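Can you read through this structure? Questions will come right after.
Chain IDs A, B, C, D and E follow the sequence of writing; residue 1 opens each chain.
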Amino acid sequence: KKHTTAENYQPKKLVVEFNPSSNAGKMEARAKPLEKMLEQQLHIPVKVVVSTSGSSMVEALGSKTADVAFLAPTAYVLGHSNYGVKAILQATRYKYGPDATEDVTDVPTSTYLGEIVVRKNGKVKNLNDLKGKKIAIQDTTSTAGYIFPAVELEEHGINIHKNGIKTFTVKGADQGVLSVYNGNADAAFVFQGARKIAAKDDPNVMKDTSVLYKTKPIPNDTISVRKDMSPKWDKKIANAFQTIAKSKKGHQIIYEIYSHQGYVPVKDSDFNIVRTYLRKVGRLDE
Amino acid sequence: MGEETVLELKHVNKRYPNGVKGLDDINFTVHKGEFVAVVGLSGAGKSTLFNSINRMVDVTDGQVIVDGQDITQVNGKELRRMRRKIGMIFQSFNLVNRATVQKNVLAGRTGYYPTWKTLLGIYSKEDQQKAVAQLEKVNMVKKLYRRADQLSGGQKQRVAIARTLMQDPTLVLADEPVASLDPKTSKGVMDDLYNLKKYEHITVLVNLHSMELALKYADRIIGLRDGKLVYNKPIAEANEADLREVYEHGRDN
Amino acid sequence: MGEETVLELKHVNKRYPNGVKGLDDINFTVHKGEFVAVVGLSGAGKSTLFNSINRMVDVTDGQVIVDGQDITQVNGKELRRMRRKIGMIFQSFNLVNRATVQKNVLAGRTGYYPTWKTLLGIYSKEDQQKAVAQLEKVNMVKKLYRRADQLSGGQKQRVAIARTLMQDPTLVLADEPVASLDPKTSKGVMDDLYNLKKYEHITVLVNLHSMELALKYADRIIGLRDGKLVYNKPIAEANEADLREVYEHGRDN
Amino acid sequence: MKQEVPQLSFVRRFHVVGIAITVVILILIYYSALITGVDVNAFFENADQFGVVLNQMKHPDWPYLTKIAGTLAQTLQMAIIGTTIGAIIALPFSFLAARNIVRNPIGRLIIRLILSLIRTLPTLLLAALFVAIFGIGPMTGVITLAFFSFGMIAKLFYDFIETIDMGPVRALQATGATMLQTIRIAVIPQISGQFMSDFMYTLEINVRSSTVLGYLGAGGIGLYLQQTLDQFDYPRTAVIILAIFAVVLVIDAISNYVRKRLQ
Amino acid sequence: MNKTKTTALERFKWIVVALLVIFIYLWSINGIPFTGIQKSASSVSMAILKGIIHPEWSYVYNGSGEDLVSQLVITLAIAFLGTIISAFLSVPLAFLAAQTTKKFFHPRSTIGKVILTAIRAFPEVVLAILFIKMVGPGSFAGVLAIGVHSVGMLGKLFSEAIEEMDRSAETAIIAAGGSKIQTFRIATLPTILPALMSYTLYRFEISVRSASILGLVGAGGIGTPMMFALQTRDWSKTGIILLGIVLMVIVIDTCSSTIRKRLG
């Protein structure tokens, strides 16, 4: 059995799983460039695979068939409690500007925001108007698309399971925006920047919808390693990613393929807010 | 039984795409009400001949004149109208196994109905009575609502005959109607065919493997070998030794 | 042609699950080298009789003694050994359509091989030569490597006969071997069967629809009606009128 | 008894064609294994890991059933409507694609190509395109399923039509019937049983593929499947799988019954 | 007398079945909210159309090993291996599930059928996760997931082919004294092989289709880029991928119909 508690695993070959964050405006299924650069840094063979399911990545880390994975906040939190997955880095992205155009600034940040999008000049003028309305949400594990807005609404005295609110699940924040635009929903929980994706097909989206509310900052995706990775290697891997992000060619690659700006160190406690919200969201329907 | 010509073949040739000469310059005439037996080895071209007469296969050249009209020259509606007049009885019965005897017999009437009526499965009252009458002739009325696949071989053959009669044919082609039937059933079927000729003056062409039956029922015997007409004599002139000759020297065994 | 008994049926009954009495107290004896024709209406029980002899169907009661041993009492390996001695020729040939003539003929030898050799498709050199020799007898050597589905009906039947001969049978059962074959091919097949008796003293039971053939080839004629043995006479005593009687008064037409 | 066995041609004696095909397949397998990184060691070394998740499914969270019941019903409804629409459209096309009914090879070829394209286009792609046009919701699911069912049933069906007994067809033509009449009288009775069986089969596939449709928000049980997986709530995943299993079992039983009845 | 009675009963049964079917359809239609065409439909369709008309040609091949051609090749390789695995696994299960005698209840066949149904009911997604835990993320997990998942469907098709096969050749071998295994080798296998091959080819087509699900396991193949393109509304990329798939299907179709014809 390979179940050891000691953190002494010295990889001879690294399997890195990568899942582009769903809140990126551009995604590419490319692994090879990163693979090459990691090999240069780590001097062991590296296999980068692009996967589209967070849960499958956590399971792979759990069974130690993968060593490193880019995990979204919820996946990380669940992976940490189930399999002792360790976060070593966090991705940074350019912040969105505060105005309605939602253009990006050039300030990197390790967090992002959730939004509640409504029709401009529609029936919903403030949070209280959401009572009795139809809301398009993402999966119940999505931070920006469900957990954060739902919990914060509760803090404003609106319970998404009560107050006559009807929710329906859509796939993709762009679909959330479009269902508001098309009048299928009165509001949608999405990540910041979703309106711009939808506007690619129909520019009127920017004009006809507006942002009613922005959530507290949500931590960005992590780079996590399996539980038994030795601290020495934790550091080696973290260094490797950071070095790559800083080099000119490396930065270009992580930006073009993954929309990342760089990587910063991260503590497990940075995710306490996600844990708290997860707990709260689970109690909403009690 | 007049001398009126019902069927006339003139220089009929049929070459299959693979080069086999199915029919090779066939010429003969059949009069109204004649009962003609066609004999020949396996592969001699008997089925090809029958299929050419109702144009289930297209002849390569020559004329096939049925009731004064060349069937090789017509098409579409007119072809269907001509086929309606030619009843075909297949060796393998070709009943719709999953339909009842009644439905199978009525199917013979299809050529007289517009398509939409068929699609809805509508048949007139007269035709339903006619179907019973035809089954009466072959002694099969009691099986009217049986499914065809529950019948014995001889019974199926009789249903096929009744179906053909529904067409009001002037000419009946029967391709090996009694092969693999036991002698008693064979006799029944041959008698049924003979009655067509006798009581309704329908012209009948039968393809037979049994010379005994050919000599017993036919007015005339036509022999094929390797696609060629090698024998054509009224029954009075035919004899067994003569006929045996037809079976010799075939292309292949 | 001694008086040695090859086959003996004693009080054989077969009742099908649906209640039909396929065989009803059948008793008869066949001697070595006899050529026996079995006749009867469709549904009389001829196929049931043949299938009972090599135990393709289990009889309800009675004894079927083949070469001194009761086949109804044996099982497994012993049953297979007995079946090996009984060659069966089916009306529908039952060849493996996608295999060559050679493979089909060799398949008759299966009972003599251990399973693993069969799995690997190994046959001895002698058996391969034997297969050619058998095909020679039925004049089919030139089709040795043809696939069975490319043969005509008569050719298939001859391959089936060659396959049966490979078993070195002491008893051959042929179920309607010439139905739907033309007279010439029929004659060829019947001659082949007759030669088995004549040159190899193999006992042959043939189920026939043609009385003409029965009278011509058989040493003895057995008649069935509604599962009962109603006729059993050596050829010398048999006559056609007599036989016609077998076909009357059947259960159904 | 000595008899020369005639020699086969070289090509057939040494099974040249058979061996060549085998070799080609082996080469393809080899390269496919190379491309896909087949690792037999990993397969056996880690065999125990296969059971880890299954183990957690051992105790299904039965009360969850009440929560998914509505969606399960919707999954079935989508499948039934989608399959029916697809089947109705498929029927005429399968006749047009059948070699023994339509003799024009070019038209047939084009129809067949379209059909196989529809069958092969990934459900996800179809669903995503339809979502873009019809928006999120079960109706999109229905349209996607109808589209796929059309391709699938038409294919299963023209394959079957090509094997029917042509005897009755020729008999009908010989009576002077038109094509449509012939199909109605001589073909339909022969194929109705198989049609039911293919229909049920496609229905079953559609019930199962709703697990994928959910991924796109096209409705159905797939949504819950993904949620339970993302939350590592395997006891609930187990309930979903068992529910699908039950539905598939019932459909399979009905289809077997119908098949036997109509034989 | 007796006869009319049974017909009445039959007719009654028929009416019950018909009512049941009507009820099921009413229930189904009732459950589907028929939403109309969306406000954004025309602009979105135009965008899609524009993208598909202007495919991103640069993606076709760029030597990186992660272009359209390479991804299609990987997809084919996964589908091919998966299909081969499932074909082998299916045969024994199919024989287990085939009901070869006409009995009312048939325990062996029932067990086999339930096993096959259980395999079919297991979603590909879940299988993929099980296999990732075993062999790690990558194409191999995808091969295994497709291989096992296909067994359910292929086994069912195979078993039905076995149930409906022509048994006459088997009869002849049994009559010649062949054992069960010998009969299988000499008569059953050659008779059933073309049907099995034809279903396997057919399953291969469907496996290519399953490739989209493989993005989950990092199997590579066309599924992942396709999903990303769809999610980010990158229609020109979707367009080129669509084109690639269409071409691939045409090639597969031509090959498989050639093979099928030769099998005939």
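Here, contacts are C-beta pairs under 8 Å (C-beta built on N, C-alpha and C of every residue); 3 or more make two chains touch, one makes a residue touch a chain.
Computed from a prediction, not measured in an experiment: that's the story for all the values here.
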{"item": "Smallest count of steps, each to a touching chain, taking subunit B to subunit E", "value": "2"}
{"item": "Set of chains adjacent to subunit C and to subunit D", "value": "B, E"}
{"item": "Far-end chain from subunit B, centres as C-alpha averages", "value": "A"}
{"item": "Averaged-CA centre spacing for the pair subunit D and subunit B, given as whole angstrom", "value": "44"}
{"item": "Geometric centre distance via CA averages, subunit E-subunit D, whole Å", "value": "5"}
{"item": "Distance from subunit D to subunit A - Cα centre to Cα centre, in angstrom", "value": "36"}
{"item": "Touching two or more other chains - residues of subunit E", "value": "35, 38, 44, 48, 125, 129, 133-136, 138, 227"}
{"item": "Residues of subunit A whose C-beta touches two or more other chains", "value": "53, 55, 59, 62-63, 65, 172, 178, 182, 184, 201"}
{"item": "Touching two or more other chains - residue numbers and ranges from subunit B", "value": "none"}
{"item": "Inter-chain touch pairs (all)", "value": "A-D, A-E, B-C, B-D, C-D, C-E, D-E"}
{"item": "Contact set on subunit E toward subunit C in their complex", "value": "168-169, 171-179, 181-183, 185-187, 190-191, 193-194"}
{"item": "Subunit D to subunit A touching residues, read off their complex", "value": "42, 46, 49, 52-53, 131-132, 135-137, 215-217, 223, 226-227, 229-232"}
{"item": "Of subunit E, residues touching subunit D in the complex", "value": "24-25, 27-35, 37-38, 41, 44-45, 48, 73-74, 76-78, 80-81, 84, 113-114, 117-118, 120-126, 129-131, 133-136, 138-140, 142-144, 153, 156, 160, 202, 205-206, 208-213, 219, 223, 226-227, 230, 238, 241-242, 245-246, 249-250, 252-253, 257"}
{"item": "Touching residues on subunit C, where the partner in the complex is subunit B", "value": "41-43, 139, 152-154, 176, 179-185, 188, 209-212, 247-248, 250, 252-253"}
{"item": "Touch list for subunit A against partner subunit D, complex", "value": "53-55, 58-59, 62-63, 65, 74-75, 78, 82, 136, 139-141, 168-172, 175, 178-179, 182, 184, 201"}
